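In what comes next, chain A is part of two complexes: it sits with chain B in the first one and with chain C in the second one.
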Partner chain A sequence: MSKPRVAFFSFSSCEGCQLVVLTLEEQLLELVTLIDIASFREAMSEKSDDYDIAFVEGSITRTSEIERLRTIRERAKIVIALGACATIGGINCLKNQFEMEEVQNIVYGKMAEKFDTIPTRPIEAVIKVDHWIHGCPIDKDEFIEVTKALLLDKKPRIPAHPVCVECQMRENVCLFEKGMVCLGPVTRAGCKAICPTYNDGCVGCRGLIEDPNLSSHKNLLNEHGLTVDEAISQYMLFGGNSKEKYE
Partner chain B sequence: MKDVLIKGKDLSAFCHNLQDSFIVYGVREKEEGHFIFDEIDEFSDSLEKYKPTILPPKKYLFPQQETLLRFDTEPHLEIKSVVESKKQVLFGVRPCDIHGIGLLDKIFTSDNEDSNYLRKRADTLIIGMDCMEPCYEHAHCASVGCLDIDDGYDIMMTDIGGVFFTTVKTPQGEEIVKKYVEYTIAGEEESERFLKLRSDRKGRFDNKIETEVSNLPLFFKNADNDPVWKELDERCLGCGRCNIVCPTCYCFDVYDCMDLTMTSGERCREWDACTLKDFAAVSTGENFRSTRGLRLRHRFNRKFNYLMTKYNTSFCVGCGRCTRSCPVNIDVIETVNAVINNHNNNHERE
Partner chain C sequence: MHDFHADIEHITRVEGHGNIVIDVKGGKIRTLRMDIVESPRFFEAMALGRTYSEVAHITSRICGICAVTHTTTSIKAIESALDFNPSVQTIKLRKLLLNAEFIQSHILHLYFLAAPDFFGTGSVFGMVGDNKEDVLRGMRLKTLANELCALVGGRHIHPITLKIGCFSKNPEPRELSDFKKRIEDSRDEMDETVKFFKNLKIPEFERETEYISLTQPDEYALYDGKIKSSDSGEEIETSDYLDRVREFMVTHSTAKHAKSKRDSYMVGALARFNNNYDQLHPKAKESAMEMGLRHPCYNPYMNNIAQVVETVHCFEESICLIDDLISAGLKDEKREIGPKKGRGVGATEAPRGTLYHEHKLDETGKVTYANYIIPTAQNLANIENDLLSIVPTLLNKQKEEIIVDIEMLVRAYDPCISCATHLMKVEFVNE
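And now, the complex of A and B:
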């Protein structure tokens, strides 16, 4: 059986999630015995348009990206959104709070009209996505899990529950008890609760769980003397594409 | 072995000496007011400041994640069971958690024997630390019959004022006392002081449940349509923390994890939680308990009805961890009493 051909693509992003793939080190060597890498600009110069699986990092913020992404979809059998920018829009969605013209002027000044810009969207707003690897950045183990599942033609084991589960398993003291805002109770787990473990409130980089109890989360904030605005401002760091979801 | 006395100042040496033969897990303060069981070099239990640890010591018998077997598919299928276990001492386990472990013993031996749990359990010695005062406002051990304990530990220590009155229950307990700590045989005066302290404590532990605990299955059997579940449905975040911190929750998910060789791998288990949405979802997409309220109702039934009926004992040990950890203050005692009162009010109306 020939090895599946895998390509990595960058859209609007820091390419940090692809960097996480490169930090797999020894596992990476094992991985390339199972797959052929067709394109991966962060790691190699060769490129090819012949691939089966496309890992797409980044969000869509310019019209030209839409065409490029559609072409990838046409060529690939499987498309995987890699990291928060691709899965939920991510940090790039911050600009959606402004008028596009204003954003253009702030960023490009006199050159503004040479660079078009559109409200940021996750890749699934443009094409059909088969799998999602959440997080900013992605979790190494989850990348491996999804890749293995694809090779085995199985459903990847990705948690649907909130961050609190992993946080409590690690015996962290709840950040609400320290007067901090945390989106853990409404955010998808899989990150091993890394931010709360290091005393930083969850900002929701993996997106909301399927069925969050937002009104109860808001009451929880109030009870700890925190405001919904504080939570929204935390949520907006990654969730700007779906502000209405938290509101 | 007769009851013995161990001086408070000798506990550190006791812990230290035990390390010659065991991994010693004891209580330490992780952050102010928050305690955990952890590997310890010396005795660090804060005794009168103690509040139930974030996770119960069950994690050393039934860990969060655990490998059950390893398999190879080439050259031919080969499967080997994996049981990771080492001699360990749990130092300073309170009565509620000893009861919790006793209940897990029942669970993991009845119907099917769980060899991973049983091996770890056989390799474990339990040094109990008795409670003379309620440790915090959420404790309701006495309400569910889990304050007094006379089994399930190897030795039990009670602070009778700088000196620990120590009951030795098992031959293994006798061995560690003789080998690893200085002790004297308890005299009549100390025995009397111990008994008096034990009987005096009764008044300090309130009964918080508004019925005999043995009546609870009956109340819960008739509580499927209780309005309390609707109210909790609105409040519950479905975050699973109550399950994760519970000394008697034992549900787990089993999954296979292939190595990158794609020819070998492991079968593992991980704690699961019945308050999570996926718990009762099936592959065709249906969910037997699709709302948070239904899932919480199920959890309460597990503690006070289903398992209680099967084993004839409360599956809540009264540690109060679920109440303490619930971000939205869902209180186990308030909920149980609501079920009792709603039932009684309905009955009066009829």
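And now, the complex of A and C:
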């Protein structure tokens, strides 16, 4: 069997998720014996339009990106959204609270109209996505798990339980007990609860789980003297594209 | 070659999307520009209206490579707006994290992005065949730096523990002393790194320009300092940064350009080396000597070598910082600071050059104004001036060779284009 051809693409993002792939270091060298990398602009000069699997990082924020993304979809058999910008829109959605004209004016002033921008959207708002690797940034073990599954022709498993479960498994003291807002009870796991482990409330970068128990989360906030407004503000950092889901 | 046209679309092995367009007719340059086509991301707008404690979550996402520097700089700007001075412990932990990011970022650039050019290959994967041990050494050093970042910051890309006035979780003294040993054990690998880069044939080219960096009386300035220009030697306060950094817009770039006294200037490792050479660690100075980097140096390709020198410096500096932290003992610090109305500017050296963040806060701690000036944006005008100067000297070469030389020059600046594409606002009325 010929090796699958894999390509990496980035749209509006910090390219941090591709960097996570580069931090695989020696594992990456092993991986490239199993696949052919057709395109990885951040790391290599060679590029080809012939690929089977496309990892797409970044959200869509310009008209020209829509066409580029559709072309990738046409060429690839499998498209994977890589990281929060691609999976849920992520931090780039913060600009959606303004009119685009206002956003352009704030940054570029008189030359604003020369710099086209459209409201931020995750890539599945434009094309069909086959798999998702969540997080800002992605977790490298999860990247390997998903890639392994794809190479074995299996469906990658995405955790359905909340961050709270992983946090309890690490025996962390609950951040609510410390009077901090945490979105761990409603956010999809897979990050090993890294932020609460370092005493920082979950900001929901991996998106909401299916059927989150929002009323219980709101009760938890109330019980600890915290407000729903504080939680919404925290949720909006990454979840601006789906505010209604949290409310 | 009297007529020459090249459209280099999406320069590879740099962070973000940039193109170079060159058009030469009858031996004269008619067009030469570096188009920055990265999508603008509008961070200065995204921060508006956010609570001061949330800002670092946002600004960290400007860049995956230098997330530590962005987070640190943002927090410093906010602390300055709140009139708050962090403890010595917090400053030392931040410096340790910053040194780790410098090692990580420089090693990534040197081994993975720059080195393949010297071996006639398009990527680090192409070097594995003949230079596997060198590639593995680069990977081991990068892993070391990533893990030091993770020990102090929780993770390297988008650090977690950096907070206003404190760290949300301190590393354990044992973990720090274990790590110190790992750094000491890796000194041999740094010696090998110096030898490896010493043997690369760096292109010869000189163009003296204005060099701008932070400077400090008592240390090689990375974490903080006054702004120094090589032109006058004059030092100004970071809060007056707009007197030194004058941004301007060009239509071919979603990143703004900047100038100071002349029509362009350089920031980054070579600028710091030129401005603050005396304060480098003696081992770093020795490595500069060994690799043929003399002070001052006007060859932008040597920015790569200045990065190696700084990596040696950051190794030694990290060891000293760990010693200081362990001997002073680590205490938990408070988290509740502010809110308060005010304006603050933070400036830090990022691996690619001086980074400025400015924030204004209202009484409730909401951001009413944000301005971020990114190293790569400051370098763009200087890269174009270098290209204007070097292209006429290359015209006797084949087109492919010319393109390689040009790409290598751009790469030597270690540009970070996603960082550079969201710039300062011109005016805002929400105050």
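Definition applied: the second predicted complex is superposed on the first by the 247 of 247 C-alpha atoms of A that agree within 3 Å, B and C clash if a C-alpha of one lies under 4 Å from a C-alpha of the other, contacts with A are read in each partner's own complex, and residues count from 1 in each chain.
Note that in this section a residue touches a chain if its C-beta (ideal position, glycine included) is under 8 Å from a C-beta of that chain, and two chains touch if they have at least 3 such contacts.
The structure presented is a predicted model; accordingly, all values stated were derived computationally and were not measured.
Trainee: Do chain B and chain C fit side by side on chain A after the overlay, or clash?
Mentor: On the superposed model, which is not a single observed complex, chain B and chain C fit side by side.
Trainee: With both structures placed on chain A, which of the two partners, chain B or chain C, ends up touching more residues of chain A?
Mentor: Residues of chain A touched, chain B against chain C: more for C.
Trainee: Of the partners chain B and chain C, which touch A:162 in the superposed model: first, second, both, neither?
Mentor: Touch partner of A:162: chain B, not chain C.
Trainee: With the C-alpha centre of chain A at the apex, what angle separates the C-alpha centres of chain B and chain C, reported to the nearest 10°?
Mentor: Placing chain A at the corner, the angle measures out to 110 degrees.
Trainee: Report for A:204: first if it touches chain B alone, second if chain C alone, otherwise both or neither.
Mentor: neither
Trainee: In the overlaid three-chain picture, find the nearest pair of C-alpha atoms across chain B and chain C and give that distance in Å.
Mentor: Here the least C-alpha separation of chain B and chain C stands at 12 Å.
Trainee: Spell out the residues on chain A that touch chain B in their complex, using ranges where they run on.
Mentor: Touching chain B from chain A are residues 27, 30-31, 34, 144, 148, 151-152, 157, 160-162, 164-165, 168-169, 171-174, 176, 184-186, 209-211, 213, 215-217, 219-220, 223.
Trainee: Hey, which residues of chain B end up touching chain A in the complex?
Mentor: Touching chain A from chain B are residues 30-31, 34, 36, 53-55, 64, 234-241, 244-245, 255, 258, 260-262, 271, 273, 276-278, 292, 325, 327-329.
Trainee: What residues of chain C sit close enough to touch chain A in their complex?
Mentor: Contacts found on chain C: 10, 12-17, 39-42, 44-46, 48-51, 54, 57-58, 61-65, 67, 108, 112-113, 116, 122-126, 128, 135-136, 139-140, 142-143, 146, 154-158, 160-161, 163, 168-169, 249, 251, 254, 418-419, 422-428.
Trainee: Using the touch definition from the top, list the residues of chain A that touch chain C in their complex.
Mentor: My answer: residues 10-20, 22-23, 25-26, 29, 32, 37, 40-47, 61-62, 65, 90-92, 94-95, 97-98, 102-111, 114-115, 117, 136-137, 194-195, 197-200, 203, 233-234, 237.
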